[in-house]
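Each of the two complexes below includes chain A, the first together with chain B, the second together with chain C.
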Partner chain A sequence: MLGLRDYLQIYTGIEIIKWDNQEGIVAMDSQDLPDILAYCLEMKPRPIWLTHVVNDERQLGNDFCLYLILHFPDKDFTLTLVAKGIKDEFPSLSLILPALNWSEREAQDLFGLRAVGHPDPRTLVLHPGWPKNFHPLRKDYKTGKEYKSFKRGPLVFPEMHGEGIFQVPVGPIHAGIIEPGHFRFYVIGEPVLHLEAQLFYTHKGIEKLLEGKSLEEGLLIIERVCGVCAVSHGLAYCEAIEKLANIELPRQVLLWRTILAELERVYNHIGDIGNMCAGVGFALGNANGSQSKENLQRLNLEFFGHRFLRGMVVPGGIKSVPGPKDSQEILNRLMELANDFEDWIPLLLEHDGFRQRAVTTGVLKTESAIDLGVTGPAARASGVAYDWRELHSHLLYPELMVKSVVEHNGDVWARLMVRVKETRESFRFLETLLRKGMQEAGRSSYIMNTFSNKLIPWQGAWGCVESPRGTDVIWLMLDDKGKIYRCRIRSASYANWPAVPLTVPGNIVPDFPLINKSFELCYSCCDR
Partner chain B sequence: MWSILLRKLKMGSLTEKHEDSLIPHKSSDLPSNFRKSLQIRHLDCGSCNGCDWEMTALGNSLYDHQHFGIDFVASPRHADLLMCTGPGSTQLVNAAHETYEAMAKPKWVMAVGDCAIDGGVFKGAYASAGGIGKVLPVDIKVPGCPPKPDDMIKALLEFMGRKSVS
Partner chain C sequence: MDELYAVLTRLLMGLGHLALILVVAPLLQGFIKKSKAFWQMRQGPSILQPYRDLRKMMKKEELISEHASWIFLLTPRVAFAATLMAALVIPNAWGWAPLSGWGDLFLFGASLGLVRLFLTLAGLEGAGTFGGMGSSRELFVGLMTEPALLLGLIVLAFITETTSLQGMAASLLNVSPIFIPRILALITLGMVSVAEMGRIPMDNPDTHLELTMIHEGMLLEYTGPSLALLNFSEQVKQLLLLILLTQIIWPSGLITGGDGFLGILWALGFAGVKVAVLGFFFATAESLFVKRRLFRAPHFLATSTASAILALVSLWIIRGQI
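Presenting the complex of A and B:
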């Protein structure tokens, strides 16, 4: 990383705030950002985008600031590029790193800044129809009654002309128990030529809501950003806080946090495998998946107090830890479910009809996955060997020797196979972890109450956890009272959604539900 | 084929019992003539997806809503009851109205989950109405974050004028 450091120093106005083996924080002029980013992206192996945060620091005398966090997988090194002093525009980076497309449009909407050179002029998070100059994340905006003045305006979609080309609008309300989003298919006969997805219907303004909240209140909200990735979001949030307080956690806490994260992965993956069957109307697969998921959620409820495992991870610790007897019981039940999984999964994998629908459907190319910063099973199914558990040393993952599960075809089948293999792995991890837990049994709860005076104000910190859908990143800055000043939530779904429309052209409309379910993205944590 | 059958035979029926009889449920002005069949349309109004997944769970073999005569339908035109989740996010309000309007009368609305009831943890966010009641007329509330599938079944059976035992 020293070469990079030397390179950065050729820019005047560069300020190296921190540089050690794991982390670098470098402030610069926003005009230098495109060149520096382009240089970083040339490095091999290519660094991965973690998050992009705009923060209104006018009260601190910094104008608006932009934080761009990159992760260099081979060295497990994260680099935060900070561009300070942005007044009303910043240079767009989307053409250099297309993954930033949405983040920049979001910054335009919510901060009223302009991303100069961004190719797409449309709004993203705020649909047409809000009052003029409504930029809620600016600090001088106080939450008011704007929602009352929202008048739905026309959504803007590209035109496409030619003989036999039709547009098929679908949504935002869909037929089924699913979340809202609008899809516009451009079709010629059955095959899809192009797909536009209009999301952000469930946008509530959570990032603004978090501002000024205490850490405990914040946790309640963070766990409800996404219903089914509550542990991952909560963990990322707690990791950010713990970084700001600079505290070391006891091993038992790390152990049980890892167990919770893996339990979350297992119940989600199994449910998602079942849902993929629902996407092709294969009732038998769906029935088995949903039944296993239900059993896992009941286990969650019985031993951890919540079907979605909420409320267990707290800043500085873990709320309660099952004793050795309960751990044994959890282990027995999990092993039973793992055997059951092996029992029903062949029904799917050996079903010709299902296979034919899934193979070669909805292909995500490796280059697209890299350019768009796709994460999680979707990336790994397209040959990108990136699993945060393997590449970043945190929790108890180094002991488990996680290896990314990679498939190369990028189709629905590949995404299914990644989930199947990861589920097996996770069951194995859970077994190891629970056995360790029983041997090293300690206290029944670990909550540290004494760190609030250690929290560093006005400093950004990130937390990052591999959720069942990919890497969830939370970036946090606290004020001098220990309240949240800014919290940016970049969920895995947010990173992956832009890739979904790319995989649909060439397939037929009825394949869309299947493709969509194979990504199994959440709308809520994307829209926030 | 044989392995599937064998597996099913070993497993037996998984569906749990929730009700004993069709006892008309008296309290309130809710209808009690839905004894045997109820058609529901789900409407996500900005939920975190937790409530919605629990609603999906009603369809698994352990709850199996269909054996109560309850079904989720694809169009609001076929529905008697709108099960709403989420605090009513602003950008969805129009679509929510349109969904409600599309239902034939008589029709009812159920607010599922704390945030549908009063905004829950999202109270005060700039793009949320703070409860579905601010958007649509709510008849029944099912609290919880999220309510467990059992609670939903109980509420649905009571709405239908049946008594549940769990």
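Presenting the complex of A and C:
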């Protein structure tokens, strides 16, 4: 990392705010960003994009600021590139790192800044119809009656001409009970030539809502950003807070947080596997998946008080820790469910018809996965060995020696196999962790109330957790009253959605539901 | 006077035949749903739910797309009437069909073809994309099911030397159940029935994924009474196909008045059990298989056609002539 540091110093106007073994924060002029980013991306192994935050710091005299966080996997080093003093435009980085495409378009919509040189400057979050000066994330924008100024306009899609080419519009209201998204297929007969996805129908302005909230209120909101990754979101948020307060956590807290994260992974993965069966009309597999998921969620409810495990992780601790007796009971039940999983999963894995549908369907190329910053099972199925649990030492993951589960074909089958293998791994981790938990019995709850005076204001901090869908990143800045000044949620779904339309061309229209289900992305935490 | 009496009896019996089929069709649907729920370890809806659904839809308001023409409203009626037409030639529990004469099997095939024609036209009516996709897929599948269905029935006609479905059921009683051409024809008709009923692996009747729909896609624009009629005719068609199959596997011969009331009940029970067993079989198959990729559908249907051709060839070899 010293080489990088030396390189950075050749730029004038660079300010190294922090540089230690784990973390570097470097401020620079926004015009230097493209060069520096390009240099970073040339490094081997290639750094991973974590998040891209635009922040309105005009009241601090910094104008708009841009934070770009990269992670260098071999050194477990995180570099935050800060560009301060952005007035109304910043150089677009999308051509250097295509993963930033959506983030930059979002910044254009919500902050009214212009990404100069962006290849696709259409609006993203705000659908056509909002007035020109509507930029809700600017601090001087007061929320209230904004819906009154919305006049619905037509969506903008690229045109395609040729004999026999049709556009098939699907959604945002679907025949089933699923979240809203509009998909525009360009087809010749059944084969798909191109797919455009228009999301953000469930944009709720959560990042705006969080501003000015206390940390406790913030946690409640963050846990409800979506319905399936409550632990991951909450945990990432708490990690960010703990980083700002600079507190060390007791081992028991880390242990139980790891258990909760793995419980969430298990129930999600099994539910997602079942859902993939629904995509091909395999009722038996779907029924088994739903049943196992239900059992796991009931276990969550019984021992942790919530089916989605909400409310367990709190800043600085964990709300309640089951005693040794309960831990034993959880362990027994989990092992039973793991056996049950092994009982029914061959039904799927050895099913000719299912294989035929899944193999070679919806291929995500390795290069696309890397360029677009795809994370989670989707990336690992395309040969990208990237699992935040392995790359970054946090919680008890170093003790568990997590290895990324990698498949190479990038098709629906590969994504299924990654989930199946990870489920098995997670059951194994849970067993180890629960046994540790019983041996190292501690208190029944760990709630810290004394850190609020230690919180550093006006400093950005990130928290990052591997959710079942990929890496969730939450970036947090507090004001001097200890309230949230800016909280950016980059969920795994947000990172992965742009990759979905790439996998569809070449497949036939009826395969899309299966491809979509193999990613199993969340609309709610993507749209926020 | 006697002649009038005979005509009246025949008319009444015919109406009874239709009434029985109409009453039982939703029950079969409910039973198949229940069987599938059994495999999925669920309780499932009540076996009577299809009746309630039909009643509910009959009462609902009907919405018609502004792009639709008269075909849109005519289709449900034509589909229902054509299905009833097909019902007239299917031998019932007593081995009797109201219409039995020459060319029954073509009447059956043509009635189903008429339903398909109007449905595919109606799919285009709503000017929605899913209807169009459903129609094009339905024609693609129909292109391969119709010849196979007719060919399968024609083989049976050659075996029994009659083109009347009632006659076939009666004559099949005297044909060995393991007579090779008969088994091959049965395989053909079984596979075609799966496609005709819109079941897995060809289509998925329970799907909510509009992009994968075939039959449901064409009905997507329908609401209220029209949807009820279309669903009802689909249920009737399903019952007809199952009755036809059971009559080929294990025919009930024509029972005469001499068997009395008990004989009638026994025949009814026997037919009911046969249809239920076959329905359970299809429900099981549907639970175990997955929906095939659309462009693999021809493989499935080609197998059924090939089986029909083999039946014909084997019949020729066994009999030395056709």
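Quick notes on this one:
Note that the second predicted complex is superposed on the first by the 528 of 528 C-alpha atoms of A that agree within 3 Å, B and C clash if a C-alpha of one lies under 4 Å from a C-alpha of the other, contacts with A are read in each partner's own complex, and residues count from 1 in each chain.
The working rule: a contact is a pair of C-beta atoms (placed from the backbone, for glycine too) under 8 Å apart; a residue touches a chain by one contact, two chains touch by 3 or more.
All values reported here derive from a predicted model rather than from experimental measurement.
In the superposition on chain A, A:Ala283 makes contact with chain C only, while chain B stays out of contact range.
Once chain A of one complex is fitted onto chain A of the other, the partner contacts of A:Cys522 are limited to chain B, with no touch recorded for chain C.
For chain A, the partner touching the most residues, choosing from chain B and chain C, is B. Touch criterion not met for A:Ser445: it reaches neither chain B nor chain C.
Of the two partner chains placed by superposition, only chain C is touched by A:Gln356; chain B is not. Judged by the touch definition given at the top, the superposed model places A:Gln291 against both chain B and chain C. Contact with neither chain B nor chain C is seen for A:Gln459 once the two complexes are overlaid on the shared chain. In the superposition on chain A, A:Ala175 makes contact with both chain B and chain C. Residues 175-177, 284, 287, 291 of chain A touch chain B in one complex and chain C in the other. Chain C makes touch with chain A in their complex at residues 36, 39-42, 129, 133, 136, 200-201, 204, 206-213, 220, 286-296.
Residues of chain A touching chain C in their complex: 166, 168-170, 174-177, 189-190, 277, 279-284, 286-288, 291, 351, 353-354, 356-357, 508-513.
Within the complex formed with chain B, the chain A residues making contact are 127, 129, 136, 143-144, 146-147, 150, 152, 172-173, 175-180, 200-206, 208-209, 220-221, 224-228, 230, 271, 284, 287, 290-291, 293-294, 297, 301, 307-308, 343-344, 347, 522-525, 527. Against chain A, in their complex, chain B makes its touches with residues 4, 7, 14, 42-57, 59-63, 72, 74-76, 86-87, 89-95, 99, 115, 120-122, 124-129, 145-146, 148.
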